[in-house]
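Data block below; observations after.
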Amino acid sequence: MRNRISLFGWPELIAVLLLSCGFFVPMFTRSVLIYSVLNQVFIGVVAAQSVWIMLRMNLLSFATPAFMALGGYTVAIAGRYEITNAFVVTAGAFLVPALVAVPLGALVLRLRGTYFVLVTFVLSEIVQLLIFETPSLTGGSDGISGVPPVTLLGTDMATNRQVLQFCCGIAVLATVVTGGLTRYFRQHFAAIEENEILAESLGLVVWRYKALGFVVAAGIAGLAGFALVSMLLTAHPSSFAAAIAVDFIAYTIIGGPTSILGPLFGTGALVYATNLFGTHGQYAQGLYGILILIVMLVARGGIVGTVGLLFNRLRGARR
Amino acid sequence: MLLRIENLWVRYGGITALSGISIDVPQGETVLLVGANGAGKSSTINAIIGLVPAADGRIVFDGTDLTRIPCERRARMGIGYSPEGRRVFPTMSVTDNVLAGAFGLGRRRQMEALDWLRSVFPLLVERATQPAGQLSGGQQQIVALSRAMASFPKLLLMDEPFLGLAPVWIRQISDAITQLRARGTTVLMTEQMARPALKLATRGYVMRGGEVRRSGPVDVIRDVALADEYL
Amino acid sequence: MAQFLQAAIIGLSLGAQYALLALGFTLIFGILGVVNFAHGGFYMLGGYVAYSCVALLGVPYPLAVLIAVAATAALGWVFELFLLERLVDDHLATLMLTLGLYLILSNGLLQTFGPLAMEFRFPVSGAIRLGPVYVPQENLIVLAICLAAIVALWVVLYRTDLGRGLRALADDRAVAMAQGLRPKLLFPMAFALATGLAGLTGALVTPILALSPGVGDPVLATSFLTVILGGLGSLQGAALAAFAVGLVEAFCSVYFGGSIGALILFVLVLLLLVFRPTGLLGRTVRGA
């Protein structure tokens, strides 16, 4: 059942359609709050997809903030040289982190899973320190403010509405790339997730697929960083603190790691809940912690898996 | 009867390793399971000590059915285990390896065991502080045997004690088993090398394809056990 | 010269703290196969428990430290026994559980004590003259206690039945169980031992450095750094790497200033992974 669905790519299609609805939101509301929440969702979804790609292969990545920073700062620095063409900066925000990930991936992915977790965590710390140590390039602890808005077909994406729609576009693009990658290499990724040693002994060059996933995940994270910078018009080190990796992992795990809808629903639900509870997401991390424990102990499929299970059970009961 | 296995089935995933075998180990005897690779010898041992679950059947040790009892409690009921490939604790010293076999028995019992085993195997004194992982295969087998005996078990399980050893070590290990048995320990051992093992055993079971093909006192099954088709 | 000695003593004192943290982290990984993301949380909790005892209950500081150790060890024991134990063979799941605990701990402390740093001072102050240099007394006390704790840990692991059992489980869990060792009894103890060490470090060090809800993150990062450097699962490696990290940090901050020291360490770790993936004293990493 699950195999057939993912063969036709229903979850990917649903994800793209749902995200695309964001384009039409400005027709119904001008609420700054709604725009802000939606922007957070779009950025979060993209970053969570970056985590999700690696999780397909049983690897937990804490490197998302590092690659987000690379993507975001690429755009901010390009802005200094008045490069604002949407297609050029989008490509840059994807390619720069992806290229950096090539040698890193070759290095890290020959190691076992536990090392990967630790090294990606350390990587995010390194990037953070690098930003502080290179003020001439990155503005150091001040960051780069006044990043010019991107221009799409001659128009500046400057108004709230345009920013929202542009972030929405980035999220759709990232979903198409993520969905395409994970669908195309579905069997390879599944084999690695199931039993890496067995996959290797059957002739699958495991680290190559892991490296490919890592590179694309880096690019996707770069897009998230780009969306974040284009929303804030500022690239600041605090936006890319290593600790925010935990948020994206929470989105993915709580949403459900089995389908691309997991990161989407997880991000949607948690960003909404964060804004619902208290100001400035002050309870957010504690809430994520409790939800992670619950998911791990009693609902391993996360939101998507549990809903799917209930749905199937209901249908079974009706028959 | 110290150990009685009745109609034991063991499956790994979809593969059946044991199809309803029955084995009796009488008190004080040394019972040998012979057979080729994949005959089900190790599966039998692993099922008794609890490293693999029994899919069906009963394993009655000293009057108690073991099948629902977790692995670590079986050892404490009086079963010593010397695994296939020896598997000593590689980073721990020889002495610590032996003492780990008597975990939680109290200082006095531990020292008693250590003194006894050291008197039987001078090696345990000579190499006392060396990490067991650095020893030769034969030396490791002595350590593994000592570790299994440190809790003074009623039943000693030995899985392929001669595996990969030179003839001189096979003789030494055989002597060691004879000495350990002097305390009246009952032994159940597996071995592909039937010839030296048959010298130790009192009864034998010839296994093939997860079934018992022949059983009886050693003199009765010797020729069958040495026949090519089972080796 | 004086400056050099000063840096060396600060480095050793830092190294001893890092060693306590990294040894606990390594114990948990080596024995349970679990990456403990909550390690920084236990450090923080140790600091806050000690602070609360001193500031709110008026308990003398040394007793407060002991209470902090007991509290963090007890929480670790309960967490392992009731939550971690259920998924102990799934390395991704245990990692997520400890991460969840960390989030709850740090957010809980934030909610309880607020985001600002606490006014928490070491009860002893002043400096002692050692040859040409003055060394803050509290640093020496912390160094002495940390070293004593390291020796005590060594005694427990290498001279007691409990330690023998723990090392046997780390070496080969299946065979250890077949020898009658009970993971359900020993795993919670190992976890409690390690989290108690983290709590001890927190209670000792936060009065000197700082006590605020953010202090767990850098502790976790340093623990990771140390265990990668020392080789996952190697106790000697972790201790050695901890002192190396402490000394590098101290000398870099004296001679270069800023965060260059941390950056150098991080890059060092990456280079080490290229040329010697198992760390300084690492053995083959256990599955996953």
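Think of it as A, B and C in the order they're written, each chain with its own count starting at 1.
Operating definition for what follows: a contact is a pair of C-beta atoms (placed from the backbone, for glycine too) under 8 Å apart; a residue touches a chain by one contact, two chains touch by 3 or more.
What you see is a predicted model, and the numbers here were worked out from it, not measured in a lab.
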Centre-most chain [mean C-alpha coordinates]: C
Chain of greatest Cα-centre distance to chain B: A
Chain B-chain C separation of Cα centroids, rounded to whole Å: 41
Length of the line joining the C-alpha centres of chain A and chain B, rounded to whole Å: 54
Rounded Å distance, chain A centre to chain C centre (Cα mean): 31
Touch list for chain C against partner chain B, complex: 161, 164-165, 167-168, 170-172, 174-183, 283
Contacting residues of chain A [partner chain C, same complex]: 58, 60, 107-108, 110-115, 117-119, 121-122, 125-126, 129-130, 132-133, 242-243, 246, 249-250, 253, 282-293, 295-297, 300
Contact footprint of chain A on chain C as seen in their complex: 29, 35, 83, 86-87, 91-93, 95-97, 99-108, 110-111, 217, 220-221, 224-225, 227-228, 232, 258-260, 262-263, 266-267, 269-270, 273-274, 277, 285, 287-288
Residues of chain B that touch chain C when the two form their complex: 49-51, 71-73, 75-76, 81, 83, 87, 89-92, 96, 99-101, 103-104, 110, 147-148, 151
